[in-house]
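Lettered A, B, C, D, E and F in written order, each chain numbered from 1.
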């Protein structure tokens, strides 16, 4: 891979056109994370879900000098620089690797991570799940089995499922070859908080998201909401791969995947 | 099952001797949850991890009139009574089922949920993991494989494991038939927050707890902490079964298990 | 009394048309308090100022299955259900009595509790006392004695009065048979906080409201504001009786008064 | 009245020995309120419950140069000086009247306002009602009628009473000429908040205090607590008159009562 | 000096037309500070930067009965009146001196303190420095030496300067007789907080304001921002003198300067 | 300079014995700031008041690999790493320079920055100025002129002085060659906040500290407190030089001064 005359600021410009920073929810740590001279020519661009230590090490080893990640390097701020953060920053700074993140703006934007999932499930009449643009809510025409098969093929091999029988019953009670319109909600990443499950249960038959924990599972059972936990990783990497292609097409270079 | 002259207040007295309320961490909603005349004779005692709607329904169907759960009915308070909460309260009140919870006090107390885990893994030199008494930290003499086998047999069939190779390497580098002293931390229920993982990584080789999510997994990988997610359910139900026996021995009656 | 085919949701629909929920001030606990199936046919409707234990018991004894109260069941939320709250909820739930409240929305709305008072005193040029719609401010044409007589006849037999002499002096100094335009403010319920008295003193000659306490009385004296404490009960029940009639006319049934 | 060589600091010294400032509850605005040179000789000492505008005017007219009040001049702080506060401060400052308050420290201290009430009702086995020293709880030997008579004679002519019948029934059920030990709680001033009523209902048969409002009355009824509202004024002025005598005896001068 | 029929309210009206109160930033303690009858005829008007004790004493000694100050009498509110505040209030109230302040509204308004500085430096293309109207940002055509000379002549004899060399270098590198367009920011009073310096460094070559402290100086050095500390006093009094003239012209009287 | 077998952890151990971390006031960002392997041998040790960009650059240029500063690198935490912070961290990390700070613990500890000032002025009967150990209060035997001369010789050439005349008058009124006991308070660094001045005015005749601003100056004038502003830099560097010697004596090496 070699890029002719591409600078950090050019890449950032494309990302910010695709996923406008002003879409991000308040308090999200998006944008330039670590850097640096944005006018330097970039040789290799890396992409990852997380700016983890292993991703940062791989970026260095592969000669990446611009690293895009979906998750920011920090949620909570720090004022001393030791341990793992020291290690990460040292590698990035010594090797002058620019780190840039688009997080909830990439979740929310057109053709972003949530739109990608809505497309994957062929949802119709798609709306925002939340007023701030996070998640999608739409109509799935098919059986619950169909939804599960798509999830297993594209998101994760072994999804956790809650209340499948409730949706199956709906399907069985409908005519027309078990085909039925199901209201499906999706939210890439961590969407299975108790608050979200409570909210989504008012609109959806099926909710696909990630990071299901014990209390959320109990709540979903109580509320009779069918939940598919496709994993935080799985529900985000699907759209991230598509975003990778958007960048590649725009810059006419190949990006280096570092954790997917 | 039949209990001679046992009243709610007698059962509560035993529970509070076993798991003193003053051990609970601040803000935990422990003690009497729903009730009621504590002087009435009790016919049947139920026990469950969660006061979920299905547990409450089973309790009614089986004629339970005193229900003990580890998790409280509510973490955040409410001021209207509708939906699932209405359903639960209605069943409990109509059938005069007393609901009582011992939560972090049962996690912390002698022979409580964390002591049960420490015993299960035959930990030695056992200390509190946190100053408030939550969790345990001790020495395990054996291989990582041994730990995993105990987990699979008693906690959950398919635990999630992070950084197994790091501990395996330690074992391989030690002499004496791969037997080695490993520092093991355990915390029943939800212990795999990023904050906990960060804290535990300073003391332990292996951390067994529940509810691992994406960002916690990444952090554990970065910190080189070996984590075994035995599930919130699995790590709590093990000790809860033992607590069930303590009550049964004391009252000389059989308790009705409702979700384990 | 017997109601043909009236369901809870029909009654609620009328109430919410009369006193739109969106009028309520932020944080007010209005709407459905306890319930339940809103599609069940309702036999008897009760109405009260407070969902007190004695009101709830009377409601049960009189066969009420829909109870409307002006005051909500709780201001501050709870997470255990014991004592008086247990008693109230048990009676309501066992007997499937729906409890519904319209509080500040009923104070504020057209023909609501404050409009009722404004009409009672024949105020002219009536405006909101507060920007949020609470209270009324208008012109009373008459003597202070006239105001007091209306209060004694319709609100409470023995109102507490502060600074009567100040308004009397104004009357005496005016010509025309002591008849004079007085600026009168009214606020149903608890309106005699120090903050309110301070605020009202800038606009009004006379302030009629409820729940006068020591420090408020001293402040009114200092500010020279004439205050009539007609009682929290008195200033609210007057309009509540009219609201009772609105429901009766609409549904063509008689409501059962439970505390007035 | 004439005082030989008495300075403000001498009076303050006596007050602070009687009602030590460190007894006051946190955030209470006690001590020197307005002043001034504390070394000047004092001619006349005034005493009042409230530093109201009318009290301040009377103080000036009667030549008072040291004014003691139970209530502080302000609870919430200010940063502009206009209106009534301007008037009060102007009079106090122009006439060099020192204003000094002992509030919760005088409520709490030995022989203070609450002890005065405990003595009035001849309570036995007297304890603090609250851990911070506010209020008193003791045993009254007699009928409820006896309590009411004392209240009417010494506190207020027309006390408001809630749940009298509950205590009367207790009396009637006891032998020995209707004489019975009643648990009586007293709290001078504003003690009839919902929080206090809830708290006191756990210990006392009868609760005597001031400033009863609608919601507190309903709560007392529900909890079956007998409440006597003797008025904020009445329950404080009784002890304040005794405190006046203590000062007079100590300084051998007569104090000028300004609002009682 | 003698004023014909000028009342406080007339002076206030002029001030509030010149410096509208609604321009003030939230939480600023502007407007009437101490007073009083605003309908009384005013004999002498005083003006000062600070309502300090010495200013208040001078005001009294010179017979001032209306005192205007830029700084309010208090930023944080109080609830006892002792010490220096007692002294100030006593003098003001005894002598019925009205105290009135226009603070950030006078900083912000047209021809106010910041506009005065923008004019002094002949800035062109002047904009607000902050969105709320505080400060000014404009183009200075000349050398850094020119800026310094104006500062020394009109603001303060010995300004503190940081990073002069950076701006000098810019001048030297430009042609045209060292004349160059410099971006100059000004903020009257306390403008040299770290937050402000950080903000201003993104727009300006030179920043003129007051109250430079150690950490701010270090930050300015790091950011390469040239800072001139003209003093809180110096940067405010310059415009205050002009405001004095505006009042004098309007009322056709001479004001008494009390601290400048 | 060359150090035999000295590691970062050895230097840190000495610093923490001299200035125990537990002395620091809550929330102070002390200790290891940036690093790193603490077991590496150290060649050169640098010392500075501030970890400013120019100090960091000098440290690199002089081959420093352990840098001690009094001020921490950050007060408020951050979560992106750009601009000046990027530059500083990059230099420190690339060159593996350990940065370590002792701030309020060095102010407070025995022989720390405040003790150094107390010794400089030969104060007697020295106590903590604040309960937390910050500042010193003691007796100076001499004239105000003596204090000023010491300040000019050792702290700063041109100190700002407020209310000198008040202390001078005290001196002149005392006998014994103008020698008099003066109560002197000192506080290294930023001690001239309005809050501090108010507090110190109750104990001291003279207050020596740094960072005087306009409003503090006015307050000191009003309170009649004599203030000497010796500068934040001056009042801290005096003791820092002594601390440098302590390290040099202990490690038997010369430290490199970077900003003093």
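In this section, a residue touches a chain if its C-beta (ideal position, glycine included) is under 8 Å from a C-beta of that chain, and two chains touch if they have at least 3 such contacts.
Predicted, not measured: the structure shown is a model, and the values here were computed from it.
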Separation of chain F from chain B in steps, with touching chains one step apart: 2
Selected pair, out of C-D, A-B or A-F, that shares over half of its residue contact pairs with D-E: A-F
Maximum centroid distance from chain A, chain identifier (CA atoms): D
Whole-Å separation of chain centres (CA-atom averages), chain C against chain F: 64
Between chain D and chain B, distance of the C-alpha-averaged centres to the nearest whole Å: 52
Chain E and chain F, separation of their C-alpha mean positions in angstrom: 33
Per-residue multi-chain contacts in chain F, two or more chains: none
Graph class of chain-chain contacts, one of line, ring, star, complete, other: ring
Ring topology as an ordered chain list, initiated at chain D and continued via chain E: D, E, F, A, B, C
Chain B-touching residues of chain C, taken from the complex the two chains share: 29, 31-36, 72-82, 86, 89-90, 93-94
Complex contact set, residues of chain B against chain A: 50, 52-54, 71, 84, 189-190, 210-211, 213-215, 218, 221-223, 231-233
